[in-house]
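Single-structure report; data block below.
Chain IDs A, B, C and D follow the sequence of writing; residue 1 opens each chain.
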């Protein structure tokens, strides 16, 4: 498949520079940091949600994971729980349906009480030229990502406020929420909406003890994301070529960041939007970054030409 | 130390400084700039949409205005048309309904052919503490603002692409789309989504001859906006107090900007987000701007105290 | 599934899509818009500064242009003045030197009185890998761009305040001021500083009758910029390839925008940052925009693969 | 822990809801996380720099702290070192002088070798109406903040590249770097420049094994910052009133964040800009956040008025 041109590749160095950026996948926070805490993670059965659930559970949290596929959730719950020794509850919930969200919270209240930590991670996405996108295609994504996040956040927020209980809310968005991006337009729009939702509530609901933060991940290989965004695997190469740290992210790295942001160590952090992308965004966005392809010899020539410029 | 020397300037409090920023409400673009052009404006029957329609019509465009209230549209159409001598067509359309949008475009095609200029201006909004917001309340706004804009844009985009016709798209959002804001959370989220939609399509659909730009207005008095956002009128005073230009904006000023952006004079502008707010946003956002309240005498005292600081 | 239906549209490749975005280089504002106004333009002798001076002069302004090379300024002044019939004054000034700036303003006061319009357009730049950059290289750019703009702005601001005279300030920055960019690092840093300066003063000095706005141009061919940023001309092709409007900008287009922003039609605009780049920035920054290279046939294959994805 | 001075005259304006956001001032990272690492911290003798040095030292790093006042540095070095058991070196350096920076790095190379972690924290600032600001006042801040950071970063970057050694760079800026702010204009401009510098190098120098990140702190009481920005203490109260978490930040909280970002746990994070401000920024920037002052009874009345609105 040739649809995705190879990047000109990295310059040849003695060692690929990603060696400088080896991932640390061990758990960062002190053991027990989440003892006596309850965490609610949407989409916690797979991918990044699963990784975050694993870390919070390991740190002592009781976790509730919710999404559409109960079997997937239950298997994840059993696996994590057996590793960490802490309970993980699986609750079926389609976040697009406010009634379902309400029932899910009812169930959680029975199981664990209201949560201390909420992670809005559930999402849908696929690549598609926008002129091929129907109104249904648009809604299939925005209903999950934007409305789903809003329904979960409003439902939990109201109950927490009624119970005078503080909480940390975290949303997982994407680096193209701010810039927009063609070919994933419903996702870009919905994720941008989620960011505004969280920044708005960070300002409004601090008085009720709630914090709201956002992680914008760059590419981290998960089956869910990559099968719908890069089915042939060719896009990945070109992404790695422009990521300054020279590699994709790891779910465990994101999970450590999420665990930090949701913990009391970050109790003064609210309204923050944290790009976590190996530098991909700044690398793409900067107009002259393409000059990394220029070789040393070419630079010498360019310098001579520039110096000889007269006048303006 | 000379870094902060005595300054003999005069404070502007004696005369209201808005005198320096008197609005120019005449039409800016050359007459005939929109001759032989068709413009489609959602929410064109009232407020800012009406003002933009008036200017485009005056400049020679044939306008199609669309919203739910046909009578309001018709009255506006008649009034503008009788003033400008150019046709203004009223088409009923609830932008939340993709079928209705499609029928509306069918009607427009019959009346005028596909448009050269599209302005997504229709919106809904109200102030409300988020803990009082139901799922329906959320959707009542986001369905209009985000889904409505998407349906209109996708429907028109596809037809224009099929007909190999270029066009300028403009969305009217708000200054709190970027920052978020409490108490208008569905609007903030939906408008942020609209911005991502337009930035995304600016990148994706340039190849089809389409431009996409955004105006973020600050407070401009219209019946629609102010009756739902400041029903008692008390908020207005405090807004004016923090707007550096010392006054609200005028619909005619916004209309001139919109006419420029939608015209061929701006044919190289795409993906731009233009704040048009009298400076309100930067004034609110800057951490130390509150110091404008400090008097000259107080500054003298403060300087003395700062200079006497020793060490760090 | 209907979300990404077959679309019968035509690709734009047959005809270069820049045909849809033909530049309008005539003057946009009404004749006489700048009658009885004085405009001060740094770097007004060449490139974009010259184009802006030409338009303001044509619209009735008396212009003062200032930079280091008096001869260049004088020739430009003579040429523009002879075309427009309005006076253009050439004043030598190295903006890095606050004393020189002060003397230049003294001279202007004699010639024309204090200005109504100030355009900070002077700048320096060159491409260079940052590991080759000396402290002097750093300062050679930042002293002009950041300090120079500050000295001009503070000097004129103070005098205008003392004279209770309002004014419009405009700064010309660049699209990579916000994102940063490798290989032009001093320029990126200094231009970002200029933007903060202007947003800060928009908030602070509104009370004195001053507005502050910013244009971030994308690539517009001028001898000054292109000889130092793309001496071989190879970079230009790749820029055009990613600009959604398919072409570089024209000095006359920028001049029309600048004339609008500095005019009374924009008297409510302050603190705005206007990207003017043919869509280049959003095109570069969006993570999936590279998929524009995918052909129709490849999309068909991709859709099949995505649809067959099971689970997450 | 004593590495962070208690500040005399502690007032507490903390709001009742700040109970939900009690600070966690213990060290977050696993013991030994910085074993065998060298950290270089400018301004490490006081305030936030001292706090970060304390945490890194506690975690095993050998630290080099540099600023103008050698005595202050030496006392801090001795105190921290005696607590943590790890060496802290004091090196005199005025970052405004590239030669001094080079000599300082020479000294560091002798003492510890090149660093793994660089924190650009040194800064100057004071409040001042911009019309009272001289060119010298402007330079007194920008020379430290922007040029100083550039000189340190370029000098260390070059040496690290020559030695093929990777490193993490962190800059401490401020929340008003993005928005700008009146009354602290040189600081706003210079900090914005620092952010562009770091985003640019994140893109450019990844290939050499370097990461670049930014923390934008909100108000954290230190003697250095508060004596020059709020000498009377009256501003503090109003800041706390608008901070959603209802309190100022603590140096130890910032130090934990900085330790995370500079550690291998964040080896995939580059080009990130992390606001750390208790939510102050989003709270200030959102246009309708002032409505938090509206009481429950007033909301009831407002709702009735809004509902009775007819038409638009």
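Note that contacts are C-beta pairs under 8 Å (C-beta built on N, C-alpha and C of every residue); 3 or more make two chains touch, one makes a residue touch a chain.
Everything numeric in this text was worked out from a predicted model, so none of it was measured.
Colleague: Taking each chain's centre as the mean of its C-alpha atoms, give the chain farthest from chain B.
Modeller: Checked the centroid distances; the maximum from chain B is D.
Colleague: Weigh C-D against A-D on C-beta contact pairs and write down the one with more.
Modeller: Answer by contact count: A-D.
Colleague: Using mean CA coordinates as chain centres, what's the chain A-chain D distance in Å?
Modeller: 25
Colleague: How many Å are there between the centre of chain B and the centre of chain D, using C-alpha atoms for each centre?
Modeller: About 36 Å separates the centre of chain B from that of chain D.
Colleague: Centroid from C-alpha atoms only, then distance chain C to chain D, rounded to Å. What do you get?
Modeller: Using C-alpha averages as centres, the distance is 31 Å.
Colleague: Multi-chain contacts only, two chains or more: what residues does chain B have there?
Modeller: 7, 9, 129, 158, 161, 176, 179-184, 188, 199-200, 202-205, 208, 271, 280-282, 286, 289, 292
Colleague: Residue numbers of chain D touching chain B in their complex, please.
Modeller: Where chain D meets chain B, its residues are 45-47, 69, 72, 126-129, 131-134, 136-137, 140, 174-176, 179-184, 188, 218, 222-224, 227-229, 231-232, 235, 238-239, 280-282, 284-292, 299, 302-303, 305-306, 309, 311-312.
Colleague: Provide the residue numbers of chain B that touch chain C in the complex, in ascending order.
Modeller: Residue list for chain B touching chain C: 7-13, 17, 19-24, 26, 28-30, 158, 161-162, 164, 166, 199-200, 202-211, 243-247, 249-250, 253, 256-257, 260, 263-283, 286, 289, 292.
Colleague: Residue numbers of chain A touching chain B in their complex, please.
Modeller: Contact set of chain A toward chain B: 98, 129-131, 133-135, 138-139, 142, 146-147, 150-151, 154, 157-158, 161, 176-186, 188-205, 208, 271.
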